[in-house]
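Chain lettering (A, B, C and D) follows the sequence in which the chains are written, and residue indices restart at 1 in each chain.
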Amino acid sequence: MIDKRVATIAEAMAGIPDGATVLVGGFGAVGQPNALIDGLIEQGAGGLTIVANNAGVGHVGLARLMELGRVRKIVCSFPRSSDSSVFEGLYRAGKIELEIVPQGTMAERMRAAGAGVPAFFTATAVGTKLAQGKETREIDGRTYVLECALPGDVALVEAWEADRWGNLTFRQSGRNFNPVMAMAGKTTVVQTQHLVELGELDPERVVTPGIFVDRVLHVPYGDPTGF
Amino acid sequence: MIDKRVATIAEAMAGIPDGATVLVGGFGAVGQPNALIDGLIEQGAGGLTIVANNAGVGHVGLARLMELGRVRKIVCSFPRSSDSSVFEGLYRAGKIELEIVPQGTMAERMRAAGAGVPAFFTATAVGTKLAQGKETREIDGRTYVLECALPGDVALVEAWEADRWGNLTFRQSGRNFNPVMAMAGKTTVVQTQHLVELGELDPERVVTPGIFVDRVLHVPYGDPTGF
Amino acid sequence: MTDTVATMTPLSRTQMAQRLAHDIPEGWYVNLGIGMPTQVADCVPAGREVIFHSENGVLGMGPAPAKDAVEPWMINAGKQYVTLVKGGAYVHHADSFAMIRGGHLDLCVLGAFEVAENGDIANWATSENDTAPAVGGAMDLAAGAKRLWVMMDHTTKDGRPKLVKRCSYPLTALGAVRRVYTNLAVLDVTPNGFAVVEMCPGLSFAELQARTEAELHKAG
Amino acid sequence: MTDTVATMTPLSRTQMAQRLAHDIPEGWYVNLGIGMPTQVADCVPAGREVIFHSENGVLGMGPAPAKDAVEPWMINAGKQYVTLVKGGAYVHHADSFAMIRGGHLDLCVLGAFEVAENGDIANWATSENDTAPAVGGAMDLAAGAKRLWVMMDHTTKDGRPKLVKRCSYPLTALGAVRRVYTNLAVLDVTPNGFAVVEMCPGLSFAELQARTEAELHKAG
């Protein structure tokens, strides 16, 4: 029987090595896999590259992971938020590397990684400092910049419902980066609000089919709070 | 009030010019927009480029359009089928141009067109005659071929349900190329089995949001038959 | 330049939003940037259907919910609570940005630090030395939408012009802006530079020019 | 070379399918090519969960339906009626091929005209002069799946070897084949060429070599 469910956060985090690239889903607090991020803090891997839309808030979650010195580099579109002081302090001190990526380019680069596209052209960022040093090409009279795929060794994803094959649904705007990161992660770990029986999910309504998922942990924490 | 519904096949086909590139959904008979293809036959545009998985069967639909001399070129992955004699005759006679594209490259090229990606690298077809003359590049030790976007002036799509904003669902394997072509068509015309009120479609279950759709024609024809 | 002209009152933010909303036709798909542009959604004339998009995968965004009806899973790109209208749909981030980058949005409205007479926009980093600026979806929106309109005050708080010959801040996109709605005027970006479409009542062309670095033209 | 060896009976197609299915571990995501490989799905040992993918957007494809239970909207890539198993899902063509091209399928099984000792496969066009051959998803599958196994007769109907030094037919993919299941043997493609893993009972290595153009090796 295929059973991707794991019983403990330790199993969910097993094998994440030092130096791994970890994709972290969510947009603000919505759809953010908080239990898995805490699990990663507990697990101990360091020298990580984190790919997430934001660079952490307050002193919890991603900010805590950074504060513990476990993040070598962060790839994100929006490093600043209401309280991103941990990131900013580390960054000013030269203790963390930053790659700013336009949000859509970031999503597309991960989708490309999941779809077997190692590089693609895009009009986003042409002529700006985020395209500096990158190859450009004129195609049909418009200039484009070449962007490469952004795969993860691990993707941490939050779902609303999951079954033992790893089929996922999401809740409202909690979908955001999660399905894209699930595609791009070599090992995709999911925390889900609801575990359902195989066959309970309408096959027309599955957003992330189980082929993109490796481990499923049941974390019925309720509603997101704060941003 | 936004209302993309049209009452007649003539309205659905309005403005398709000679020389247009027309994307035609469906895989075999399933999800194939037969009423719209017949409408295109009736409408009269010629010199068309047709993008579809197959090159027509028997003497109806796409085969009929070709037989009438209205197709200049066909782009497809599988030109041969149980009865593709119309295409084969025209092709042998040098009266139709053929571009064979691997099925996944075809889908990805249309998705790219819809997503603002003018060109992308792929491993598919590397070293084969379908990559002849195309730019290749080694990335991280593997060779890839550069493929360009495949946009349509028009996309003809079949849906299961649609509302007046053009939100669409599909039925089982009738989904196939339809959502991808809806993204890639400059004007996307939909025939739908069911017309529903705005708000009736579960927002979590919409597959093609209305932003990709321009016209909706109600064609409750029932089940697909034949291949 | 910061002296108030006696007979002229600049538009309030709400008036600017109303003015801009007036120009959005029924049926357009529109993304409103974080900050000032967000208010445009509330100003669309009653009965006119305009469909709002948010980068985080919401198409058909509705107004903010009543305080006791907040849905904690439903935020916009500015991380404010929002609602979904009838006919709305959820998509993931790559599909959401396919709408933006694939040219499917009829309009994007962004705020800006500067707009240049050639349509360049700078709205994401306040200086070349800002080492960790937050770009979000601004570059995708500016490069991807069918039209980019900018909504901003005509000058900075200390009176420096924001409609300039060439942007001095780091660029968001080249030649992308089509139209600018300020608290003083509506201006089109044309091959000849800024063309004044409309001015705040009581403001003269010369007074507007005095508050603008780039040379202004009268709209044909 | 087409003489039958008295003591040897080549595997039937069903036996070939059973032999191959035996080697698919539980939990693999598998795409079976049109034709001979399709039969593998019916031969997976009872109780072993293997998830079958079909290019036209079906993940979790089940067996053919009973004649009176055909669902006309439910076909596979070979345009045969199929069913969906519990836990299956539908996706569109780009997502379906993202599974293939993104390396998410554990296995693809294809038929072939020829397999070369360097792993090249030719399975889509019968000659360079075939001007309108049908490629379908073969090139995507051959290049994209984690592993490609080929299932085919060891020789053509008129006895010509199909395991060759270099393919003479137009290629589907370079160096993609990992293993070949024929009616006579199971062979791995190794850096040294074909290594014989298993032979049909009663067949000698020399007899197998006689039916094979490429040089055979014994599997270490």
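As a working rule, a contact is a pair of C-beta atoms (placed from the backbone, for glycine too) under 8 Å apart; a residue touches a chain by one contact, two chains touch by 3 or more.
What you are looking at is a predicted structure, and each value in this text was computed from that prediction instead of being measured.
Student: Taking contact as defined at the start, I'd like the list of chains shared as neighbours by chain B and chain C.
Tutor: Per touch definition, common to chain B and chain C: A.
Student: Go through A-D and A-C and name the pair with more C-beta contacts between its chains.
Tutor: If we tally the C-beta pairs in contact for A-D and A-C, the bigger total goes to A-C.
Student: With chain centres defined as C-alpha means, what is the inter-centre distance between chain A and chain B in Å?
Tutor: 33
Student: Go ahead and note the Å separation of the Cα centroids belonging to chain A and chain D.
Tutor: 35
Student: Using CA atom averages as chain centres, what separation in Å is found between chain C and chain D?
Tutor: 56
Student: I'd like to verify one number: the distance from the centre of chain A to the centre of chain C, where each centre is the average of its C-alpha atoms, in whole angstrom.
Tutor: 29
Student: Can you list the residues of chain D that touch 2 or more other chains?
Tutor: 84, 90-91, 94, 97-98, 100-101, 144
Student: For chain B, which residues are shared contacts with two or more other chains?
Tutor: 108, 111, 115-117, 122-124, 170, 172, 203-204, 207
Student: Select the category (line, ring, star, complete, other) that matches the graph of chains linked by touching.
Tutor: Drawn as a graph, the chains match no named shape, so other.
Student: Which chain pairs here would you call touching?
Tutor: A-B, A-C, A-D, B-C, B-D
Student: Can you tell me which positions in chain A touch chain B when the two form their complex?
Tutor: 108, 112, 115-124, 137, 139-140, 142, 144, 148, 169-170, 172, 202-205, 207
Student: Within the complex, which stretch of chain B touches chain C?
Tutor: 1-2, 111, 113-117, 163-165, 167, 183, 198-199, 201, 203-204, 206, 209-212
Student: Within their complex, state which residues of chain C touch chain B.
Tutor: Within the complex, chain C touches chain B at residues 26-27, 29, 49, 51, 53, 59-60, 84, 86-91, 94, 97-105, 144.
Student: Going by the contact rule at the top, pick out the chain D residues touching chain B in the complex.
Tutor: Residue list for chain D touching chain B: 54-58, 71-77, 79, 84, 90-94, 96-98, 100-101, 125, 128, 131-140, 143-144, 170-174.
Student: Which chain A residues qualify as touching chain C in the complex?
Tutor: 27-28, 30-31, 77-80, 87-88, 91, 98, 100-105, 107-108, 110-111, 122-130, 170-180, 207, 223-225, 227
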